[in-house]
Every structure is written in structure tokens, then in C-alpha cells.
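Each of the next two complexes has chain A plus one more chain, namely chain B in the first and chain C in the second.
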Partner chain A sequence: MAIQDDIKSAIAEALPGLSCVIGWGAGPEALRAAPLFMRDAADVDKFTAGFLAVNNPALFLPSLKGAKVGLVVKGCDARSVGQLVAENLVSREAIHLIGYPCRGVIDMDKATAALEGRCEPGEVKGLREENEDIVLDAPGGEIRLAKKDVAADKCARCRYPNAESADVFVGEKAAPVVERDDYADLAAFENMALDARKAFWEKEMSRCIRCYACRNACPLCVCRDHCVASSREPHWLTQADGVRDKLFFQLIHATHLAGRCTGCGECERACPVGIPLLTLKRAFSRQVEGLFGYTAGIDRSTPPLLTFKLEEPAIKEREW
Partner chain B sequence: MSVLKEKELRVIGFLCNWCSYGGADTAGVGRFAQPTDLRIVRVPCSGRINPLFVLKALLGGADGVLVSGCHPRDCHYAEGNFYARRRLEVLKGFLPVLGIDPRRFEYTWVSASEGQRWQHVVTTFTANIHALGPASFSPDAPELEILNAAAR
Partner chain C sequence: MRIGVFICHCGSNIAGTVDCAAVASKARAYPDVAYSTDIMYACAEPGQDAIIAAIKEHLLTGVVVASCTPRMHEPTFRKTVERAGLNRYMFEMANIREHVSWIGKDIEANTNKAAELVRMAVSKLRLNRELKPKSFPVTKRLLVVGGGVAGIQAALDAADAGLEVIMVEKQPTIGGKMAKLDKTFPTVDCSSCILGPRMVDVAQHPNITLYAYSEVDSISGYVGNFDVKIRKKASYVDWSKCTGCGLCTEKCPSKKSYDRFNEGVGPTTAIIIPFPQAIPKKASIEREYCRQFNTGKCGVCAKVCPTGAIDYGMQDEFIDAKVGGIVAATGYDLMDWTVYQEYGGGRYPDVVTSLQYERMLSASGPTGGHIKRPSDGEEPKDVVFIQCVGSRDVSVGRPYCSGFCCMYTAKQAILTKDHIPDSRSYVFYMDIRSPGKGYDEFTRRVQEEYQARYIRGRVSMVYPKGKKLIVRGADTLMGAQVEIEADLVVLAVGAEAAEGAPHLAEKLRISYDSYGFFMEGHPKLRPVETNTAGVFLAGACQGLKDIPSSVAQGSAAAAKALALLSRDMLDSDPQIASVNLNRCVGCRKCIEVCPFKAIQEIDLRGQPKAEVIETVCQGCGLCNATCPQGAIQLSHFTDNQLLAEVEALCRF
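Then we have the complex of A and B:
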């Protein structure tokens, strides 16, 4: 892939001034890429971008403070970086962003489902991208899958495929998939009656094992060792394994991301039991977008919940 | 004696120390009859109220949550209620996604002198909660089961 070589040369060019560049390299299986920390030219050769580049490299930024680092970013990753910068959690000067036009990334759950009955995802030996399809080198011969069938949900509503804030942009900019996010997924969810939604969350959350992978994968969860979920004082969560504590943990995560979540979907991807966590976060995003017209990770203004107006034109208070 | 005739429900009120708690006091001193369903938690400022307080109460089996602070521009700490207004409005729109009726949560402003208004607010809100009935959202809350069994 020509664009891959162009990104590699952009990385090699920037590397001397940086402590490392974070991108993607080969993962444990042919269908999985893993984050790659590139420190010298030999590392740069291992770089791969494209359909498997799912991980959000912005996750590592808060822990790499003090050194200038480079990131290869998709549009959604750049939004996470933008939000971290907007909240002064990282310094924009200490980051070198290399952007490229993203055309969607794989959702392993969908890929596994698509391969059902044909082979295990771990048995795939290679992957080739051909325009709108991916071709898998599977034990029983080649398997062709349409990208749109196995791409992550977030890619179908992608407004910002290009890292607009990139210092270096490689390749030609891709067209946005949609012009505006209509939150159709939430509207569909809200076709359910209130009681059905309660039952839905009780059922979904009953699977939660409280591994906190969602928190650890979230680029905007910057409290790390000081997370209120692990705090004894105040003791928000008990050690009980009931649905209430599991759901409450997700509510902590969602409220702490209100107006900050960029919808990168890492929480949902990291979830080992497939709970639709992004629904909770998107509910907050929709609310913040509607009230304050703020798009996390794109707008440069102060995040809306860190500021206020004396008169709030969008807030219709209840008349008593 | 409750003004409302039915069985008492669990309504939690988070009131700011400087205005609404004083307002509730004024109502009491004025001997205005009020429903007794409300359990008041006094907080220093409406800006102190973490939206998680409300969610924890609702998940823990509260039938309704009422937040009340100083009127905007009247905050004892100058701007606490401005932040609260944004947070609580965002929270209110989020509740339906969880399957919680947003009418179970309200926030308003009552000053320390508005005893009459406090009476009106608490009576209206409690009546609304009674119209909605007891909340069914209490996923595996064992202590609530015990309370309910005791009430039966």
C-alpha cells in the first residue's frame, strides 16, 4: 500500500525529534493489530495502518507527559487528542500528530460472526485490503468480506475521517461518511418503553465482570489510580457482585465523560462480554450537543460543563 | 400528618444550606403543611451536588429526587448553582436512557425567604411522584427487599 509507505516516511522524518511515535503493528493474530511504540528506524518498518488499526493511540498520552511524542492518528483518535488538549490534560506542543485518511476499522465481534461456520478468527493467516472488501487468507481458501459489513458501528456515522488537527497529513482527505450525527441508534433504542429499557440494562449489565477494561481503554479516563470506583472514601461502590453496582460503575464512567466523550468506542471494543456501553455515553453526548452545541474533541472552546452562562438560552427550566 | 392520604414514598431532597434549606425552615416556622415523604440531605451548595448523588439515590430505590438551590445570580458562593444548572439539566435528559422516568427527578431554586414557594414545590413534586407510583428500578437491592417486606 502506497499510503502505508508515505506514513512510514513521515514517521521516519519526525522520529529524530521525538521520544517515540505510537502507531500500530502486528498483533497476536493476523486479524488483530496492536499498538506499536516506534523508537528507531527498525521499529518503523513494523508499522501497519489500515483496516486493522483499531486501537486509539491517544490512550497513552496522559502517561507520557514530559516527553514529546508522535502519534499516528485516525480522525476519531485525533478527536480524543483534541479533547485532552482542550482540557489541558496534555500539552499540544508536546505532541506531533501524523494524520491519514481513515476508511473504517474492523469490529472483531462482527468479523467473528461473519466467519461463523467457516473458520475461527485466530486461524486466519493473512489479510489483504481490496477497495471496499477485505480478503482473508483462511485455512479453507480465501474468504472475501465487505468492509462495511465488518466495520465498527462508529465508522458508519463517521463525521471526521481525517485528523483535522494533524501536524502532517499523509494522503488525500477522505469524505465524511455522514454530514451530521443523527443519533439514530439512540432513537431506535428509545423505541423501547421505559420498563423495557430498565430490563435491557439489567440483562446487559448482569454479564459485567467488573474487569474495568472499559475504563482502562478509555483515552479520557485520566484519573487512573484515583478513580472514584476504587475509592474507599467516599465508598461509591461495594464489592457486591449485583447488577446495581455494575450498572453504577458504568454510570460513574458515563457521567465523568459527559461532554467529553468523543465516541471513539474503545470502551465497547474492550468489553470482554459485549455490553453496549457506548449507548450510555452517546446519550450524554447527544444531550450536551443539543444543549450547548458542543462537539467534544472538535470545538476549541471551554468544555460546556466547565463553564456557564448567566442566562442559559437552551435550558428550559420547569415552571412551578 | 401527611397532606397526601396514600402510603408514603421515598423522596430524597438535596437542599443547599444557604437558600433552600432555609426556605424549608421558613416553611416549617410558618407552619405550612407539607407532605412528609421528603428526606432532606443538606449540602453546602447546589454546586456540591454530584449528579451521581441523584443516580445513586434512584438506583438505591428512591422514588423521586428533588434538588433545590439558590436562585441563579443569588448563590452564596457566587456561581455554584450556574454549574449545577448545567450538570443537572444534562443529567435529566440522560435518565430516560436508563429507563428512569425523567419526572422522578426535578431541580429548582427556592430562596430562604420563600417558605410559601417551598411548600408549593414540595407538595407539587411529591404529588407528581405519587401519581407515578413507587419506582420499580432497584436491581437487586437486598436491603430494599427487607424494607418492603417490613412494610407489607
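Then we have the complex of A and C:
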């Protein structure tokens, strides 16, 4: 792929001034790419971009403070970086962003479902992209899947496919998939009666194993070792296994991300039991966008819920 | 820990609907409770003595009193436990009066709720730590915001007592609303004659620095050490050179400017000295009316000024000042009465406000003290006064009584008769409110000696007929409709907090009600204090009041400020924030939200971290709530303490 080579040249060009560049390389299976930390030319050769470039490389930034690092970013990854910068959690000067036009990434749950009855995802030996399709090299012959059928949900409502804040942008910019996020997924959820919604979450949370993969995959969950979920001092949460404890944790997680979550979906992707965690976070995002006109990862100011203004311009509390 | 629990009866205030003995008995089962009893009046001397005796007898290390709001008696009981040798922070209060006995009648439910609140207090107390205050020096300087009669009184009293005072006044002159009045009730003495000397005193007092035509731009800091930024608005006249000779105001060719001081009664010039007794008596240019600014061609004032004081290029100037206390005395403004379409909504020139009428009555006003109809300059014979225009009227969102209108309307009716002996005055009123010394006699005099006709009822409409205005209203005592052919209609327009008062309140971090009036600390017992330490109130900014009350409050505010600033050192509250450096990621959000600039960034082995400046922190808890990492804890209100309370209440 021409664009892949162009990105590699951009990486190679930037690498001398950086401690490493984070992108994607081959993963444990043909359908899974993994984060790739490139430190020399040999590493750069292993770089792959495209439909499998799922992981959000912004995740690693807070732990790499102090070093200048490069990142190859999709539009959504760049929003995470933007948010970290807006919150002073990383320094923009210490980051070199290489952007490229993203046309969607795979959702492994959907791919697994699509392959149901034909082969296991792990049996796929290779993948190539052909325009709007992906062609899998499977044991029983080639399998052709439409990208839109196996792409992540977030890709269908992508407003920012290009990393606008990139230092170097490779390729032609892609058109946004939608102009505005109508939060139709939330509306569908909210059509359920309150009882049904409660029952829904209780059922979903009953599967939670409190592995904290959602938290660990979140590029904006920067407390890490000091997360309230595991802290004893202060002892906010019990380690109990009840549904309410799990829901409590997830609601805290969502609340802590209110107005900060860029909707990259890494929490939901990392969840080993498939809880629709992004729904909670998107409910907050919709609220914050509506109330404060703040779009996480795009706006450069401190998120509204993490600061204090005497008067919010968008909230007409008092008309003086 | 050995905790003592004292359940107060507060006479029958609590015991009437709470079984206090049962609460005390339940409390005995709570963890660490070594002693529990009910007590008739915990705050009374026998009650306090009983607490001290119990501490000694049962070797208590912490005390919970379940009684009223901590707003009143927390300081009392802290002193009590201190007298018994405990640290004052080893004390918790459960409010079982305002939060329980006064709001419910079900004794069983109340008793349970009271027991729960006591359990919460016990749970928190178990995690309390001894805290000790630090002390910090006080800046012995007072800021008075507003140069009306209340502010003037506060400034003079404080300055006479030896305090340095900075007065900031928005307008080019001090004097406020009182300076606009012709005479004052109930003595009908000349307003500027009695106010004038006070204004001169302000200007000449060695301890007072006056910044007229200035506003408070920002305030930071805390009691004892406020940092104030004052914006001196550009007057385009160098006041150090201006002698107040008034030549410029005579020669200014732009003669159709709105006359702010004279409430728009007649036009004025673009460069003005508000009135002859203005303090400071300096000229200033109203930019929006000035030809030099609007067309770039004029410069007349600059040519005629004998001292060369005109400076068209002048910019706003900022002055930084450090003060220990602040008196807000921002006064009031009239409400926008044009919402009353039935009185013409501002369309009829001969319907004027009471303040406009004052300027017509005043010898230094634009009519030279002759009452003239604005439409044709003729002397009116029939003058109708309509009271409660924007007072006591829920339909325009002004349910409150402005308090002084009954009195000044009576005064204006008297003055009308003095000015035009063959005139007739009519006053439409709702009730006559005159509860002051000599006030009721005054309103009686205007009716009996000055033959003003008082008509109890509202006016339904005012409309023009030829040169006259027809005032149609109800006489509810006669049960009849009345129509009066008036030459002039004077509206006793209700007052509201001064324009911009809420903005100042936000800067001062004091609360204000829905009409913009500043909230006092306690409606009866702390009338001039606010809930922000070091900020005091004087005059109508706290609630509408007449001149005697405003002056009294000015003195009261000065007394409070003096009591505060007579001390060399103040104790800082030890209930402050602290940063756990292990957790801090240096995101600076706490620094951004801190309203006291009490958090600074430090460098810890190359990593940015936050640090609380202990004497500056006021323990408001904003940083604590903001810190995403939970790296900031507020002592006496740590997460663990709050959690303990929540868990005591929500047990599952």
C-alpha cells in the first residue's frame, strides 16, 4: 500500500529526534494488530496501518512523560492526545503526531460473528483490503467481508477521520462519515422503560469480573495505581463482587470521564465480557456537549467539569 | 477513642418531636461511644458544664453534640471541649433541630432520623484528628466600594479610628443617590447641605484615598489580605491638572448629551462636572457624546482648558491595592419602570420618576429649582404622585416594599406646595408606610397642612388629553373611580440593587438574592457581616433602606471592620487542603480552580506537582473536588471522613 510506505517514510524521517514512535505491527493473529514501538529502521519495517490499526496509541503517553515520542494516529487517537494536552497531562511539545486518513477499523466481535460457522478468527492466515471490502485468507478459501459490516460502531459515526492536529499528515484527507453525532444509539437505549434499563445494566454488570481492562485501556484514565477502584486510602469502593459494586465502579469511571471521553471505544473493546461501556460514557458526552458546547479532544480548553467558572456562557442561570 | 454523645432537648424545640432519651440510648451502641446522655440546654452554662464534667469523669477524647445548626453553636461547643482540655476539632455536631424536629411531626420517624444523624457524626468523629491553627499578619487597610452616604459614613468612621481607607466610586463623583436629592425627610433639610461636608471630609481626610470614576476589577486573597485590582476608567482629563474651573463644560459644543447625574432632565455637555459640589470636582468626557471621539474633529475643551488637562489618548489605568477588609456599599438603582404600559411606558414626557422630580426641585438642577413640565416648560398646577410603581407588585416580579417611597412622596408633595403655592397634589397609595422617628407625623402633616389629597388605590391608566394627562384610578376607600386631569405625573419607582451588584458579589464571593441584594450573615444577628470573612455590607446594597438607616449601617460596618483590623495577627483555619505528592500528576487543575490563589506549582525531581500555601488556603474544597486523581484532601473533611458518614447512613 502506497500510503503505508508514505507513513513509514514519515516515521523514518521523524525517528532521529524521538525516543520512539508508536504505531501498529503484526499481532498474535492475522486479524489482530498490536501496538508497535519503533526505535530504529528495522522496527519501522514492521509497521502496518489500515483496517487492523485498532489500538489507541495515546494510551502510552502519560507513562512516557519526559521523553519526546512520536505517534501514528487515527482521527480518534488524535482526539485522545488532544484531550491529554488540554488537561496538561502531557506536553504537546513532547509529542510528534503523524496523521493519516482513517477509513475505519475492525471490530473483532463483529468479525467473529461474521465468520461464525465458517472458521475461527484465529484460523485466518492473512487479510488484504480491497476498497470497501476485506478479503480473508481462511482455511476453506477466501472470505470476503464488507468493511462496514465488521467496522467498529464508532467508525459509523466518525466526525474526525483525520488527525487535524497532526504535525505531519500523510495522504489525502478523508471526508467525515457524518457531520454531527446524533446519538441515535443512546436514543434507542433511552426508549426502554426505566425498569428495563435498570434490568439491562444489572444483567450486563453481572458479567463484569472487575478485571479493570476497561480502565487500563482508557487513554484518559491517568490515575492508574491510584484509581479509586483499588485505593484503600481513601477507601471509596469495596472489592465486593456484587452487581451494585460493579455498577458503582463503572458509573464512577464514566463520571470521571464526563466531558473528557473522546469516544475512542477502547474500554468497550478491551472488555473481555462485552459490556457496552461506551453507552454510559456517551450519555455524559452528549450532556456535556449540549450544556457546555465542549467537544472532548477537539476543544483545547480544560474540560468544563474540571474547572470552575462563575458564570457559564452557555448556561443562562441568571439573566442580569 | 472514647466518645461522649449529648442529645440536646433545646427546651421543647427538639424534645417536642424527638425522643431525646431514646436517641441517647441508641447512641450508646455506636462504636467508640463511652458515654451518652440527653441534656436540657447543651449551650447553656449548666449544659456546657455537664459536658466538661463528663469529659473529665469518663475520660472522653471526642464529643458529639446533637442540637441545632452548627452555624450558631459550633464555636460555642468547640470552646467548651477546649476548656475541658480537648482539641477543638475533636468535636462534631449533629443538627437535629433544623434538620429534624422543626421539619417533621412524626416522633418515631424523627427519633430514628436523629439517631442516624448522631451515628454519622460519631462515625466522622472517629476519624477526626487534632488540628492546630497557624497565624498570619493582617493588612490594616479597608476598601469601601461605593461612595454613597453609607460608604462615606463607613469610610469616615474607619478613617477617624486611624485605619487607612481606599474608597472606590463608579461615578465621577461621590455622593451617590443622596447627592441627587433636593431635600430629605422628615426634616426637609437640604440634602447637599448635610451631605456636602461629609463628601469634603472624604476628600480631605489624610487616611482616605479616593478613586472616583473607578471600579473594582478583581479581588483575590482572603480575610486580612485581599488583593484588589482597581480599574480607573479613562476620564480623558488629567485630574492632577484639572482645577474644576468648568470652562470646558461651558464651551463644549456637544450640548445634547444624556445627563446621568440629572437623570436625563434636560441635556448636558459631553465634558461634564456632575454638579457644583462634586467630589472630586473634576471634569470627565463622556466618550459616546464627544465630537472629538465621534468625528475626530473638535478639540474645543483641549483649546480652552487653562491647565492643558485634556488628554484624548488616556487609557484605563489599573491600581493594585492590598486591603484587610472590604465594605460593600453599592446602593441601589431604580427599576426599569417602562414595563408599566398603563403609565405610558416612557412615551409621555410629563410622566417622570421621583428621582427626576428631585432634580427638578433642586436649585442646582437643570431647571434651577423651578418645577417645569418637560413637554412645554410650563409650571404644573395639578401634580399626581403614583406610589408603588415596581414595589409590592408581583406582576412585575417585585414583591418587596422599597421602604422609602411613602416618605419621599410625602416630602415631594410638601415641596411642590412650597414651590407652587396654588398647586394641588394627589397621591395614589396602597398603604402609607411610615414607621420611623417623626415619620408618621410627617405623612400626616402633608395631608393636613399641605392639603395633599391622598387617594387609597391603584392607577389603572394614564393617557394624554390635550396638554393634560388623565390619570384614571380607583379610590378604594370611597369605592369609586376617580379621574384627575394632571399637568405632571410623578412615579415613585421602586428600587432594586445597583446595576452590576451581582457581578461585584461574585468577585467578593458573597451571596445575593434574586433581586441582586447582598446577603447578610444572619438576618437579625449579623446584619452587616457576610458569610465571607472580612467582607461587610453597608446601606441599600443589603436591602433597601433610607438615609438614617444607611448611615447607621455604614457606622456598623466600620465598627465590624475595625474590630477585625484592630488585630495584628489572625488565626488561619486549619481546615485546609493538602496535596498527596505521590498521587499528584501536575495537571494544574487545582491551581486553575482555586479562587484564593492558594496553590502553587512546585518541581519535585523534575516532575510538576501542586502545593497548598497553608495560610492562604481557605478550605473551600474546590481543589479537593476537582482533583481527578484524588490527590488533594481537605483536613477535617477527608474523603474517608465523608465516606464514614455515608456508610453510617447507607448501611447495606
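What we mean here is this: the second predicted complex is superposed on the first by the 308 of 320 C-alpha atoms of A that agree within 3 Å, B and C clash if a C-alpha of one lies under 4 Å from a C-alpha of the other, contacts with A are read in each partner's own complex, and residues count from 1 in each chain.
The rule is short, and it goes like this: contacts are C-beta pairs under 8 Å (C-beta built on N, C-alpha and C of every residue); 3 or more make two chains touch, one makes a residue touch a chain.
If you're wondering where the values come from, they're calculated on a predicted model, not measured in any experiment.
A.B. asks: With both complexes overlaid on chain A, does A:273 touch chain B (first), chain C (second), both or neither?
C.D. replies: neither
A.B. asks: Using the touch definition from the top, say if A:308 reaches chain B (first), chain C (second), both or neither.
C.D. replies: both
A.B. asks: Just chain B (first), just chain C (second), both, or neither: which does A:187 touch?
C.D. replies: A:187 contacts neither chain B nor chain C.
A.B. asks: Once the structures are superposed on A, label A:255 by its partner contacts, choosing first (chain B), second (chain C), both or neither.
C.D. replies: It touches chain B, and chain C stays clear.
A.B. asks: Touching A:236, do we find chain B (first), chain C (second), both, or neither?
C.D. replies: After superposing on A, A:236 lies in contact with both chain B and chain C.
A.B. asks: With the two complexes superposed on chain A, say which partner A:175 touches: chain B (first), chain C (second), both, or neither.
C.D. replies: neither
A.B. asks: Which of the two partners, first being chain B and second being chain C, lies in contact with A:89: first, second, both, or neither?
C.D. replies: second
A.B. asks: For A:201, using the defined touch cut-off, is the partner it touches chain B, chain C, both, or neither? Pick first, second, both or neither.
C.D. replies: first
A.B. asks: Per the overlay, which chain contacts more chain A residues, chain B or chain C?
C.D. replies: B
A.B. asks: Can you list the residues of chain A that meet both chain B and chain C?
C.D. replies: Dual-contact residues (chain A): 236, 308, 310, 318, 320.
A.B. asks: Across the complex, what residues on chain A touch chain B?
C.D. replies: The contact residues of chain A facing chain B are 186, 189-190, 194-202, 205, 236, 242-244, 247-248, 251-252, 254-255, 258-259, 279-280, 283-284, 286-288, 290-292, 304-305, 308-310, 312, 315, 317-318, 320.
A.B. asks: Chain C touches which residues of chain A in the complex?
C.D. replies: Per the stated touch rule, the residues are 62, 65-66, 87-89, 222-223, 226, 228, 231, 233-236, 256, 302, 306-308, 310-311, 318, 320.
A.B. asks: Which of the residues in chain B come into contact with chain A in the complex?
C.D. replies: Contacts found on chain B: 51-52, 55-56, 59-60, 72-73, 79, 82-83, 85-87, 89-91, 93-94, 96-101, 106, 108, 117, 120-121, 124, 136-142.
A.B. asks: Please give the residue numbers of chain C that touch chain A in the complex, ascending.
C.D. replies: Contact set of chain C toward chain A: 502-503, 506, 516, 582-583, 585-589, 592-593, 595, 606-607, 622, 626, 628-631, 633, 638-640, 643.
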